[in-house]
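There are two complexes below, and they share chain A, which is joined by chain B in the first and by chain C in the second.
Take a look at the complex of A and B:
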């Protein structure tokens, strides 16, 4: 305990900690705003212009939209993909163009020749795009099973080199969007009031923003703190003290984890207090914000700090920054299609909307498993770090100049 | 304090490179000198004793505790590494508190022990000074303070006086001598003068092997009968330097007074004289072919 407090004191004196806190604060504040938007909790009224967007698993809708999009792109032989999050325009060569025509033919039941003909006409403007689409989509609806459809679209994605919205992973989230009905909007509203007790809906948005920034910034401090032992050339002094590697690593790790968590709790409290003021204690649950921070955000910190600890101990280098930047980038990019409630296996979970409570409720068990798995992962990484640290203390491993004669 | 450091048949290596060969030593309370040239294996032996390096084979016991029981060894050994450093932005006091906590000193005793060692090493006035602002001598004193804050039975100091000015060096030796009243203190150095003024017992390491283990007087006695003084013209200095092991010299203008070791014929003008520890040390190296 005393060692952890001393580590906290050291961290609090480290300018990098305060820079990290400032960056996290600025990011969340700039995204979430200075206050909560209470209009998000307005009860939907009949005959509103729109009630927002929702996600559907209705294959008929997904099929129609996906085929329409694929035909559109096929007719111009120009496809937009996002491999690893980077924009890429794809133009298929003759061989692959023919393969794409075969896929569309298989999906729609239209002959390849007919499809190719339509592409030519489209390109020479003899027939407008909508006419072509209507003809083919009409044939496509019942020609193959849903599973066959998904498999074929996945092949189309492969043909494009991956990263398109036709992949099995993304097709539903991209083409399953549709406008909410009034009844659905009311249902969502009721869930926010009754299940989320208002607080939960805002807490998820808070965690969405906070997750993005704490998924990368604290790595710099974690690496710096461990790297400082080497840079200050005091490792031998630390190695020869009585304290066990377990106690030393855990104390330092928890010191970082607790300090970042305290900041998140403080910032969460700022918005929580506003919710209490706006809606009154009787309508909300004042503990939801803290629960979400604990379950949604702390695992991100836990993983990040363990990676920083492990990589620096194992390599005596700041390589952890590179590791985490790569991870963060891929995670954020992968999360983009499900930004309003797509959870997947990501470390950084997304839910960039006040609402969509049903999606959250449907995935709640999965989210718990996801978070638990990441906590377990962080623990395993820490145990490995301890073993390596022990070996270094005993001079059994030589990492980049340690014990160099 | 009871107990000794017992080293039997110790071999140690860096990877495939063996550095220590069949070391046998028994070190009791008081100041023990470990002498040897740079690269002789002194630091390797020190690091082995403080558990920073594994032993390849052999046995090492510190106060009846085998070296494999690292936690116990670490609690009873204080170590001042050759290249002592601490976090530059920490103050002297904070450094001691931090390292004291890492040594698992009881919370109730940390403050008392910190103040005690600060006074002992004469750093009380500078306790708020940051490590990066300390002079070489002050830093070395902080090094001693951190090594003794947990009241170890054994203190191991590696080349502690290198780079210190003469005054600091004397002060440092005296400090070590005081500490050796109730501890085993191992002083590793390549500076013969450090040993002469503080240690009764010493060992000499050469190429990873112990070539002498005994009292300082025995080392000196080894050169008895072979040490001479002679005054030579300056232009014959190179001739003498190539022919004998010179242990001292004094420029007198046209002449030079030299002190030398000679185990062969005695030339005209050679005056036998009493050897000192440097003569004894060089004589030893001469015997093993270390100097010519």
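Take a look at the complex of A and C:
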């Protein structure tokens, strides 16, 4: 405890900590704003122009749109994919092109020769692209079951190298979009009022923005704190202290974790107080903000600080910055398709909307498993860090790296 | 004098090059994983040239002063007849050369793999962006004597470029060709020179005061 408090004092005197806090504050403030937007909680009225977009699981709609897109791309042999969120255009060679034709044939019930003939007609402008699609799609609706359709589209995605909207993960969100009806908008609204108690909806948006920035900025402090031991030449002195590696590493780790968490709680409280003022205590749950910060954001911090600790102890270099930056980058770019409720295996969970409560409720168990897994991962990384630190203290590894003497 | 410079350069190549070039290979690997290398379209080449290759400059230039940041080394440096400024200068130039060569090699490689690009424009743009970011890290790490501080500032400036609201950055928005804006190659190079000179002089003044 005493050691942890000592580390906290050290961190509070470190300019990098305050620069990190300032950057986190500026980012969240610039995205979330100076206050909450209460218009997000306005009750939908009948005959509004727009109630937002929702996702349908109606396979006929998804099938029709997905096949239309696939046929369009097949006819030009030019497919748009987004591996890790980056645009990539794919052209298939003859072998893969034939495999794609087989997939389309299996989906549509049209023979490969017919498809290829119709494509040639389109390319030579003898037949309009829409006419071809209309003919093929009409046949496709009853040719195979929904599961078979999804499996075949997944194969098409694999053929394209992944990242296309034909994958099972993205097909519904991409091709199942449609405008919400008034009844659906009311249902969403009721969920926000009753289930979210207003606070939950805003808390998720806050965690969405905060998650992005705390997924990268604290790594600099984590690396700097450990790196400083080497720079100031006090590493050898620390090795000789009777404090165990466990106590030392955990104290320093918890000091960083607690300080960043305190800041997040303070910032969350600022918005929480605004919600209380606008809606009143009777309509909201003031503890939801803190619950979301604990479950949604703390695991991100835990993993990031553990990676910073491990990489710096193991390599005596700031390579943790590169590692975490790469991870963060891929995570954020990968999360773009599911930005309004994407709960994959990402470290940084996305929910960039006030609402979509049903999506959150449907995936709540998965979110808890995800967060629990990452906490476990952080603990494992810390244990490995302690082992390496112990080996260095015993002189069994060089202090410049993990090579045996 | 020439012998001393050769010795400094040989020392740099022998002891400090590999550890900084290896992370640059990580950037190459990332590019390969994300985009592949064959027949890349213009948009993809621009993303690689403007947004990924400049990371190598941050990796190479920011830690120019790293080896002299250890506590207590100043007295050792002062006891040497070789002026430390010369070492910093040669190291800086060597790393700029490494960065430029790496960028040229990759761009040429992409060109041979049938990438659609305007080779000279994209390469110059990429190099100018990288030097801007790398020199920013160089300046901050020099005057603050903090390697991590140098990385922080350079990478945060780089990440700001990814945000959608590019108008607020004005002429300091870096990824210009990709957004159909006029490239500011001369401005980037000019600021690079300013940062490099300021960083070097700042570092030497701070060391003298110690």
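Assume the second predicted complex is superposed on the first by the 393 of 405 C-alpha atoms of A that agree within 3 Å, B and C clash if a C-alpha of one lies under 4 Å from a C-alpha of the other, contacts with A are read in each partner's own complex, and residues count from 1 in each chain.
Definition applied: contacts are C-beta pairs under 8 Å (C-beta built on N, C-alpha and C of every residue); 3 or more make two chains touch, one makes a residue touch a chain.
Note that the structure is predicted; figures quoted are calculated from it, not measured.
Of the two partner chains, chain C is the only one touched by A:224; chain B is not.
Once the two complexes are laid over each other on the shared chain, residue contacts for A:232 go to chain B and to chain C alike.
In the superposed pair of complexes, A:95 makes contact with neither chain B nor chain C. In the superposed model, A:318 makes contact with chain C only, not with chain B. By the document's definition of touching, of the two partners only chain B reaches A:396; chain C does not. After overlaying the two complexes on the shared chain, residue contacts for A:43 are found with neither chain B nor chain C. Overlap of the chain B and chain C interfaces on chain A comprises residues 232-233.
Those residues of chain C lying in contact with chain A across their complex are 19, 23, 26, 30, 33-36, 39, 41, 43-44, 47, 59, 69-72, 146-149, 151-152, 155-156, 159. Every residue of chain A that touches chain C in the complex is listed here, in rising order: 15-16, 19, 23, 83-84, 86-89, 91, 161, 216-217, 220, 223-224, 227, 230-233, 317-319, 321-322, 325-326. For chain B in complex with chain A, the residues that touch the partner chain are 14-15, 19, 39, 43-44, 47, 50-54, 70-71, 74-75, 77, 79, 81, 83-90, 97-99, 101-104, 107, 146, 150.
If you check the complex, the residues on chain A that touch chain B are 2-3, 6, 10, 13, 228, 232-234, 236-244, 248, 393-396, 398, 403, 405.
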